[in-house]
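In the two complexes below, chain A is the common chain; its partner is chain B in one and chain C in the other.
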Partner chain A sequence: MDEPAYTVVSDSETTGEEKSSSAFPEIAIGIDIGTSQCSIAIWNGSQVELLKNTRNQKMMRSYVTFKDEVPSGGVSNQLSHEHEILSGAAIFNMKRLIGRVDTDPVVHASTCLPFLVQTLDIGVRPFIAALVNNVWRSTTPEEVLAIFLVELRAMAEMQLKRPIRNVVLTIPVSFSRFQLTRIQRACAMAGLHILRLMPEPTAVALLYAQQQQLTVHENMGSGSEKIALIFNMGAGYCDVALSATAGGVSQIKALAGSTIGGEDLLQNMMCHLLPDFESRFSNHGMNEIKSLGLLRVATQDAIHKLSTQTAVQIDVNLGNGSKLSKLVNREEFEEVNQKIFEKCENLIIQCLHDAKLEIDDITDVILVGGGSYIPKLRNLVKGICKKEELYNFINPLEAAVCGAALEGAVASGISDPFGNLDLLTIQVTPLGIGIRADGNNFVPIIPRNTTMPARKDLVFTTVRDNQIEALVTVYEGEGVKVEENHLLGYFKITGIPPAPKGVPEINVCMDIDASNVLRVLAGVILPGFPHPAIPVMEIRLPTVDDGHGWCAEALHKTYGSTLDLETVQKKI
Partner chain B sequence: MAAASAPSSSLYEVLGISASADCREIKAAYRRLARTCHPDVVAMNRKECSATEFMKIHAAYSTLSDPDKRANYDKDLCFSFNNKRSVSGFSTYKTCRNWESDQCW
Partner chain C sequence: MMNKARKKLWKAVSDVVGRTLPYSTSRRFETYNPNNSSQSQTHFLNSLSSSSQLQIINLCPPHRFSQNVIFSGKNFCSESADNSACWNCNAVPKAAPFLFCQSCRTVQPLHQSLDYFQIYGLDKNYEIEDENMERKYKDWQKKLHPDLVHSKSQREREYAAEQSARVIEAYRTLTNPLSRAIYILKLEGIDVNEEETVSDPELLTEIMEIREAVEDAADSKALTEILSPVQEKLVQWSKSFAYAFRNQKFDEALNCIRRMTYYDRVNKEIMKKL
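Up next is the complex of A and B:
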């Protein structure tokens, strides 16, 4: 991302100073902000190195506590006890909440977290607050993420003894462009400049590409192409990627992702153990928060144990004389989460289909993320891919951050005398981008899994005679109806020359440049005229800010279908 | 679609391969060109034109690496060669492309 969508920091502080004047190009660091854990890595000149905090941890918990005057995050904070995170004073799961509105099911599922997530169900950002001295203090996921990033930055600067500015960040495949702007906002608040945002499995694919190049010294391109299926499940998201690798080039064939993860497994399990847990904790009193925290810790612990044991005993004192004591076995866990596992299966199948690949084409199957320890998931992925063994030359928890650090070095223009950085990732769009047309339908112009950079156009026309204006509403997603997709922005084309319906040709062109910036261009042509009827409009998206949930509704209320567009049937 | 957008040279010429190249050669040529033309590997001031160049290369690759699309393309190529490119309904599309490309670059 060379030109961030916001200009808050760069406008006022560092315009033009980004091109470093020092003799050594600054190597961008790689950061993997997980829903539950976070890590940071850098290319140290010969290999990727994970940085450790003062307590010698490579993996740091992703949370920020608002206990004292100064908030402190999981990088520096020393927890006296696990339960401290669950006292209501700490905000976590920000990656699940960022850039979502209060009608989103993911936000709804977060309302039974120990901190406050309040929804009004009108399509605005949810109210989020931490409990500080018995007061709910409001904050936002961006603010929490920024505080956390500031700590990470300070830690890296201390160790590397230089200022840190450029970063490569990993993101879930299913993140919308609106969510990306929120991540950019958080980084800007923390004084970080995003060099690249990498979908997590593509970072893993890059690491794989490097490993393949190290082991097989194949000459460029002519060596055998290896197809890897990468399955990543963390606490918040599940991603799948298929990549074709040869000669250090990792070509992403297809991506698929969904907001399912360890957090869902945990909630389903808590529901199973205590069926009325949501109603029990809905009023967020001090005692409820405490017992909810206890239940959460015990359940999480049990899930971890079930990866190696077939059964586990759970004992939780829920307060008020109520006690939970239960023996849970692995089958129960798998049964309770059957739907999640089915979704994982569907993602893999969808990804294979989109990549136009067969199971027999797959060379290696790579499982990463915390979910990779779950026996059911391992068997499921092995089963679909018909593989006896998984690729085991990659650390499942460090793969994404290592890939991000590699990309950070490559994108910073660093070269390695041994050719270890002769790498390239050819990315694809994780979601389709299109406009509303033909009634309430979403018409993709750039379909998902299109190689980037990309430019595509489609011709639309008016729906009524002498229609002189048209509304272009841009969405991102996979739904058939517009409301199933993310709204990115909208604009009106005015001054269409009066003509019978279906005559004016309205060309909508979408362009994603090398920095992943999306621009929409719209022009009007009347058949028989060589030049555009009006100046072409060029809009950089997303333009929607907060409250995008009710924007579409407001547009519909104001204009109805008067400014609609229709697709033009392709004449051959 | 790709055929319409690159009238100046054949897709084989874009990839620098012969019309009899096999699938492996097509992939190798694509990767080789990506290593030099992709916006991620070129200098800052060349990013925009390299994006256009890479899109052209990718369009050629995606047509030629798909056996059905390649067969269709080969048929069209042969046809347009024999007929000295008879322009029909595409003229309006071409004007559209002009404003678009003028505007972008």
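Up next is the complex of A and C:
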């Protein structure tokens, strides 16, 4: 490596600067880490190619087993039986758990997985452990993800016969910036450098842009703008994007996402089949884990079958003499999961509204992810978008990873003589970013769906006479109250010149640069004075670390409303 | 490198901090009593547009210190911006605007003198046909976007970040009728004080009624019904502005802008609730 031996980067720096010294830039690989499945792809010089593992699989199960001395993941591991994953020794669903605290409902919903997810409900990271030789061995989602990524990396290096460092990773739309830092941490642990983190549907949008570009070349037609609605539902997350594509450029118009997915469908169904299943398995004994695993496999299998048949017979022996035997039909499945489907519908409507687009504007509707096989979802999306047919030139399970691989090639500066990499995605912010003000309200400074890079500012003022300090608490999300949002960090502005309340102008500026790094700048001005009263503060966010859930509460307890801020009329 | 980025940010915040100075008006009427109609109206007017304090503040001479900060910050760009040739290969540009060198495919430094209309190859008219705007926007982004110069030099990456941001800003400004109106007047040397009030009681009553209706609106259908007349008004005043501007009646143009500002705010509020 010709990199300097010692480089001091900022403590909060998780990515590091890109160093491109070689004449032949390394092509970044695309990785799609799904909640249940994972895939890896690369631009091979003429097209995107999915890499296969030694068992000839393009889709690898996302899990890590802690059975032997060396943990092994779904990339290399040969499963003797599906139930092995469910024996308590394997950790999966890490994408759902990463960067979440133990008060998060998503973590709570994970407590009836076969491995141990323990919550103390105080806002710290949950205790996660795998059962190894009858001992609960603790681990973290980051560690599990890193082990998995190392396997993926080794597999890719072996096939490509070169070291792999740069990656483009796809992420759910609803991931907070704090969760992104956890993903970055896992990648760093695996020796990977993240070139880009792409919201999943935007990766699909890039693939769509390339396909449209090709059709234009072939038909020599005028490449008019096409609006695509992309709906992605995987095991853990649901995302919607609207993109406007022309000439290989896809401008994301709006994003919407939520933590709903196949995992919820599965849990609702298990609850339906065995109403007391949660309490039945809460003590995590050996026998309970085993029968939970059996139930899980049977239910999952039934859901898959219900995509093609209208009814399915479930017969499963749960051990201890209890046996489940039931005929389930498709209507039942849809009924049980009605709320989930309603949420999907709302996400699409919200996304259309945010994009300021009408249903008639949509050229193509693209359904991807495992959920795209569910008839109810297909009909629901077709219904909202008033389309008879869905776009079917995209493989629903491979679309995201292919898009990531394209982005990997584009961002690595690779060009293609046939113009196949003449592509660009212009991203928007998936969540609003703002601060706490006007009481306990979340006041967004950069609203969601703002084109990146972005810089916006808002003026705030003090709430008390002679208030000389103010607390700037930065949140990300869509909730009206701060507690409904993700805390990213906080800092105190000190040395505000004493003045009546409402007089000092506290300008809070947020800046997201081209590498998606968020910085917050705060300056204080007294009207009539030409210079900022105190040095401007610049903070790179997020600054919160693990166990941050209680921070906001602690701040509130210590300071109450004494350091509060309120909004001043917005400037344009 | 880190330092430079920091300096740039600082420049930005001082720009921002400085810019807010002359027009600042605070919304401090947090605890108004809805039963007291006169007070509620004060509150309403304040949040609507500007307040009585505004005039007082406006009497202060505008502080222009921030401009120096901005200009000194632009040194890095302007040194080569004076040159009309490409900073990288010295090729003379074939076509204006010169944001990107066709010969060596390199992003050029920012030219402050270039206005938004020029960037989009438009004549300096208020009424623009925007069918091609999105395409031009995408064409520029495809040449200038920071994502595409990831493997290029630090210098070019900075140019790309600036140019790309400016193309976005230009697009945003020109595609919105109100911001386009404000911008085109600014190019004529007329600064629009957006906080200035309109003393037309009819308009104020109308706006207040719309707001009340928005408050009372039960569902999105009711909101949509309020929305369409507001948007019609926006279009109407936008047309009046175009006429006034074409005939160089700048006072009338300013009046149109103020009215558009009111409707635009209500429009945004309704959109937010929808």
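By our rule, the second predicted complex is superposed on the first by the 543 of 572 C-alpha atoms of A that agree within 3 Å, B and C clash if a C-alpha of one lies under 4 Å from a C-alpha of the other, contacts with A are read in each partner's own complex, and residues count from 1 in each chain.
FYI, a contact is a pair of C-beta atoms (placed from the backbone, for glycine too) under 8 Å apart; a residue touches a chain by one contact, two chains touch by 3 or more.
Treat the numbers as computed from the prediction; the structure is a model and nothing was measured.
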> Based on the superposition on chain A, does the combination of chain B and chain C result in a clash or a fit?
Replying inline: clash
> Who contacts more of chain A, chain B or chain C?
Replying inline: C
>> Taking the superposition on A as described, I'd like to know which of chain B and chain C A:H353 touches: first, second, both or neither.
In response: second
>> With both complexes overlaid on chain A, does A:L424 touch chain B (first), chain C (second), both or neither?
In response: both
>> I'd like to know which partner A:L195 touches here: chain B for first, chain C for second, both or neither.
In response: second
> Taking the superposition as given, does A:G502 touch the first partner, chain B, the second, chain C, both, or neither?
Replying inline: second
>> Quick one: is A:S412 in contact with chain B, with chain C, with both, or with neither? Answer first, second, both or neither.
In response: second
> What is the contact status of A:V568 with respect to chain B (first) and chain C (second): first, second, both, or neither?
Replying inline: second
>> By the touch definition at the top of the document, which applies to A:T461: first (chain B), second (chain C), both, or neither?
In response: second
> In the superposed model, where does chain C crash into chain B, at 41-49, 77-85, 95-103 or 185-193?
Replying inline: 185-193
> Which parts of chain A are touched by chain B and by chain C alike?
Replying inline: 225, 246-249, 251, 410-411, 422, 424-426, 451, 453, 455, 457, 459, 505, 507, 509, 511, 513-515, 521, 523, 525, 527, 530-532, 536, 538, 571-572
> In their complex, what parts of chain B are in touch with chain A?
Replying inline: 24, 27-29, 31-32, 34-35, 38-41, 47-48, 50-51, 54-55, 58, 62, 89, 92, 95-96, 99-100, 103-104
> Which part of chain C faces chain A closely enough to touch in the complex?
Replying inline: 1-2, 5-6, 9-10, 12-14, 16-17, 19-21, 23-28, 30, 46-47, 50, 57, 60, 63, 65, 134-135, 137-139, 141-142, 145-152, 157, 160-161, 164-165, 168, 179, 182, 194-195, 274
>> Please output the residues of chain A touching chain C within their complex, sorted ascending.
In response: 10, 17-18, 20, 25, 195-196, 225, 244, 246-249, 251, 353, 410-413, 422, 424-426, 438, 451, 453, 455, 457, 459, 461, 501-503, 505, 507, 509, 511, 513-515, 519, 521, 523, 525, 527-528, 530-532, 536, 538, 566-569, 571-572
> For chain A, which residues are in contact with chain B within the complex?
Replying inline: 2, 220-222, 225, 246-249, 251, 410-411, 422, 424-426, 451, 453-455, 457, 459, 505, 507, 509, 511, 513-515, 521, 523, 525, 527, 530-532, 536, 538, 571-572
